[in-house]
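One chain, chain A, links the two complexes that follow: it is found with chain B in the first and with chain C in the second.
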Partner chain A sequence: MELIWDGIRQAFLLLLGMDREVLAITWLSFQIAATSTGLALAVGIPLGTLIALTRFPARALVVSLINTGMGLPPVVVGLFVSIFLWRGGPLGFFELLYTPAAIVIAQFVIAAPIVTGLTLAAVQQIPPMFRLQMVAIGASRGQLLWLLLREARLPMLAAVMAGFGGVISEIGASMMVGGNIRGQTRVLTTATVMETTKGSFDVAIALSVILLAMTFLVNYLLTALQQRRRPS
Partner chain B sequence: MRRTLYLLAAFLAPTLGAGSSAASAQSKVVILSTTTSTQDSGLLDVLVPMFERTSGYSVKTVSVGTGQALALAARGEADVALVHASSLEKQYVADGKMHNRRLVMYNDFVLIGPAEDPAGIKGMAKVAEALKKVAGARARFVSRGDKSGTHVLELGLWKLAGVEPKGAWYIESGQGMGQTLVIANERAAYTLTDRATFLAFQQRVKLPILVEKDRLLLNVYSVMEVNPANGPRVNAAGGKAFADFMVSPATQAAIKSFGVSMYGQALFVPIAGKTEEEIGG
Partner chain C sequence: MTGAILEIGGVTVAHGGRAVLQIDRLAVRRGEILAIIGPNGSGKSTLLRIMGLLDRPARGEVRLDGRAIDWGRGLLTSRRRFASVFQEPLLADTTVERNVALGLTLRGVPAGEARRRAGHWIARFGIAPLAGRQARTLSGGEAQRTSLARAFAIEPDVLLLDEPFSALDPATREDLLRDLQRALRETTLTTVFVTHDRNEALRLGDRVGVMLEGRLEQLDTPEVVFGHPAGPDVARFVGVENLLPGRIASAEGGLLTVDCGALHVLVPGELSIGRSVILCVRPEDVVIRPASAGSMRDSALNHLRGQVAELISIGPQVRVLVECGQPLVALITRHSVVELALKVGSPVTASFKASAVHVIDRGSAG
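And then the complex of A and B:
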């Protein structure tokens, strides 16, 4: 117990004392998770909407694949992304392994199915009557799409939170494709594991507290946005 | 919507930029594949910046178990390896995967265990005989079980003791040295550890040293360059520069003084230029 209090105290000292390494690690973690979530949104929202609104053969199969993808184990993603990015791998000539970009790629693979799946569910739960009504009062295709997304924005913000939460807390992929390199790819989760293996449990707890605080802050802002004006 | 895209671009620029700049400066990046012990002891935090300052290379340190470190190097995924498992190393050199193996430093392993010492091995001079007694008493022993240098050495010692470690008393942690020490401490078990990690964990691990100073317990680190034929884009010049740096007099002096201020004793003994026969006395 004493250890946990020490850790929390240390977290404040590191943050208040503006420990440059910790600040840099925190900022990098946020940047990487925000970028990968952003990319996942850019792909997942259109894709999820498209699948929700169309009927095509093997649709059930595609939806099941996306739903399975929502639970992709990060270590599996890390392993496969590593193999692709290896110098000897198919994408080796980009020299991306052990860079932040590699972590962004892996986290994108983790977050994209989450965002797609939740968008799909969000758009699909809008009653079909709504679409008919909007078409009846003369909405164009573009307007209809916009109205549908507007209608689904509450559950879609949940998709953003789930995507961000999935990648900011993920460790297996960041460790494998990032390598936990000091000053380059060390993020909060990998640093926490490293400090634990080094036996610096107080620093590890401090890093966990910072990670939790950051995740809370992001979710708080998104929730505030989500709950700002409840649609009737 | 447009604003969101701008925001996205703002985030993307720095993260992806780091990747592409690394690609364009390819020959200036050296990937060092090494073991967790060099990283966890803090030695690399001292040596890597020294090397980067003097050579102009930037180093990406990938610290994993010796088994994985060598496997990555053999695939050409690293440029230079700093590891400690001489039997495994010699095999890679013989296979032509690694070149120019040079000894860098050593520290030593110690056998630790519960103070009550149920197997009665305290003070024994021969570590293999001590292990035989541990197995005979079926006293709990925690093994790394992760193909690390420490694990490879441990398996060699069991072989020498003529024991095949198996059974409920033999616990394989599959984790790093630090975690393994914590597990051994919690389960009041015997384990084999390098002295550097043991010293770093003295606050948390209350198991005393029971057997030490057997010459079989020497933990020798060597540096090897990766054969450029192992894969595309191996930075042979950078790998050689790092290997040369590790055995240079200034680096050897830094190794010699490392840890003195923190633990009151040096953690590693520099041995560049010596052979295994010379240090094994």
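And then the complex of A and C:
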């Protein structure tokens, strides 16, 4: 128990002391997770909406694949992104392996199915008659899409939270494609693992507390946005 | 046809090889209220969707202002001349006011103007106290009022109503029907109103179309459709009725005198003088007696003198058409025909109780 309290005190000391390295790791973690979530939203929202609104052959298969993708193990993603980015791999010439960009790519692959799947579900739960009625009062195709996304905005904030929560906390892919290089690709999760294996539990706990606090803060802000108009 | 704003011709819609809609020709006149009635599954809603350019028929054409619809680029512009209200009002997840203004916002009407027009119709449909409320907190009736206000605010060239009252309880339906009636009279908006309720059709329709199994079996004034159905199927659906359009001439002690032109009819009810009504009398409630028989003094009974104009046997009964200023149909037994020695030209008195008259209020004069 004392270990945990020490760790928490240590965390505050590190934070209050504005430990440069810890701040840099925290900031990098946030940047990478925010970028990959942002990219996942940019792809997942249109894709999820498209699949929700169209009927095509093998649609059930595609939806099943997306749902499976929502639970993609990060190590598997890490493995395949590594293979692709490997010096001899298909995308090796970009020389991205062991850079923050590599982590963004891996995390994007993890978050995109989550955002796509949740958008799909959010848009699909809007009654089909709603679309007809909006068209009937004069919505153009673009306006209809906008109205549908607006209607689905509350469940879609859940997609943002799930996406961000998924990537900020994942370790396997970040470790494999980022390499936990000090000052370059070390993020909160990889640093925590490293400190734990070194036996520096206090630092590891400090990093965990920071990770939890950041995840909580992001979720709190999004939840506040989502629940803003609940009582009426 | 002159004055047709919307016409459809040769339209066929099939689902799984079965024709669900087959309309040779239907023209909606500018400014009229056309009621389309028919049982569930008769193709009314399908027809309305085609009229509103929401579905493109596999075969046939839709003409707006005499010009064939361009289902490509020009579709949105044409579609925006319509507004529809459906049985289940689906509103956007925002305030009542914004929902009412939505059709205008979508058309690029400036916010101030949109709010002003929305406000007018919010007041007209009695939902002003709810303007700031979230749409998802509304009751069914309130949501339907919002949906109607949303359609009226657009000020469309054609208003399409698809069973807008079917999901409401009778009291709410009555209130809403009255408000809609008033709004329609004020605007002289071309309206197509689909319903399976013949009372709603009688109340609102300038013309009534009867749809059965995807076909438009009859299209005429309510008096003709309900009084002289085109065929046995239509008759079965509308229920043969004597329809007498008139105006309330006087009201006394719960008894109204209705001026139906050539004749006056007593009916029970509480309506103000001058209101326009349609009186419905079922043929089996009309009693025929020889004109020579002394008239009974009974304030709650209507006695109309006339002549038999037609006798048609329907099974064990005979349909007697009596010309008494207005044609009146009575359904009597074959036995009575023999007993009364009825034949074309016989002078008779047709009687029916005031309480047998169903009064449909068409609203105030105008």
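Convention: the second predicted complex is superposed on the first by the 229 of 232 C-alpha atoms of A that agree within 3 Å, B and C clash if a C-alpha of one lies under 4 Å from a C-alpha of the other, contacts with A are read in each partner's own complex, and residues count from 1 in each chain.
In the analysis below, contacts are C-beta pairs under 8 Å (C-beta built on N, C-alpha and C of every residue); 3 or more make two chains touch, one makes a residue touch a chain.
Since this is a predicted model, take the numbers as computed values, not measurements.
K.L.:
For A:Arg228, decide between first (touching chain B), second (touching chain C), both and neither.
P.N.:
A:Arg228 contacts neither chain B nor chain C.
K.L.:
Scan A:Arg55 for contacts with chain B and chain C and give back first, second, both or neither.
P.N.:
Neither partner.
K.L.:
Which partner chains sit in contact with A:Arg20 here, chain B, chain C, both or neither? Use first/second/both/neither.
P.N.:
neither
K.L.:
Under the stated touch criterion, which partner chain does A:Phe94 make contact with: chain B (first), chain C (second), both, or neither?
P.N.:
Touch partner of A:Phe94: chain B, not chain C.
K.L.:
So which bits of chain A does chain B touch that chain C touches too?
P.N.:
Common to the two interfaces on chain A: nothing.
K.L.:
Considering only the defined contacts, which chain B positions touch chain A in the complex?
P.N.:
Per the touch definition, chain B meets chain A at residues 4, 7-8, 11-12, 14-16, 18-20, 22-23, 26, 29, 31, 36, 39-40, 45, 60-63, 75-77, 175-179, 181-182, 200-201, 203-204, 231-234.
K.L.:
Once bound in the complex, which stretches of chain C touch chain A?
P.N.:
So the residues of chain C in touch with chain A come to 49, 52, 54, 76, 79-80, 82-84, 86, 88-90, 92-93, 102-103, 106-107, 133-134, 137, 150-151, 154, 160.
K.L.:
Please give the residue numbers of chain A that touch chain C in the complex, ascending.
P.N.:
Residues in contact with chain C: 127, 129-130, 132-140, 143, 147, 150-151, 229, 232.
K.L.:
Quick check on the complex: what are the chain A residues that touch chain B?
P.N.:
31-32, 34-35, 38-39, 42, 86-88, 92-102, 104, 179-182, 184, 194, 196-199, 201
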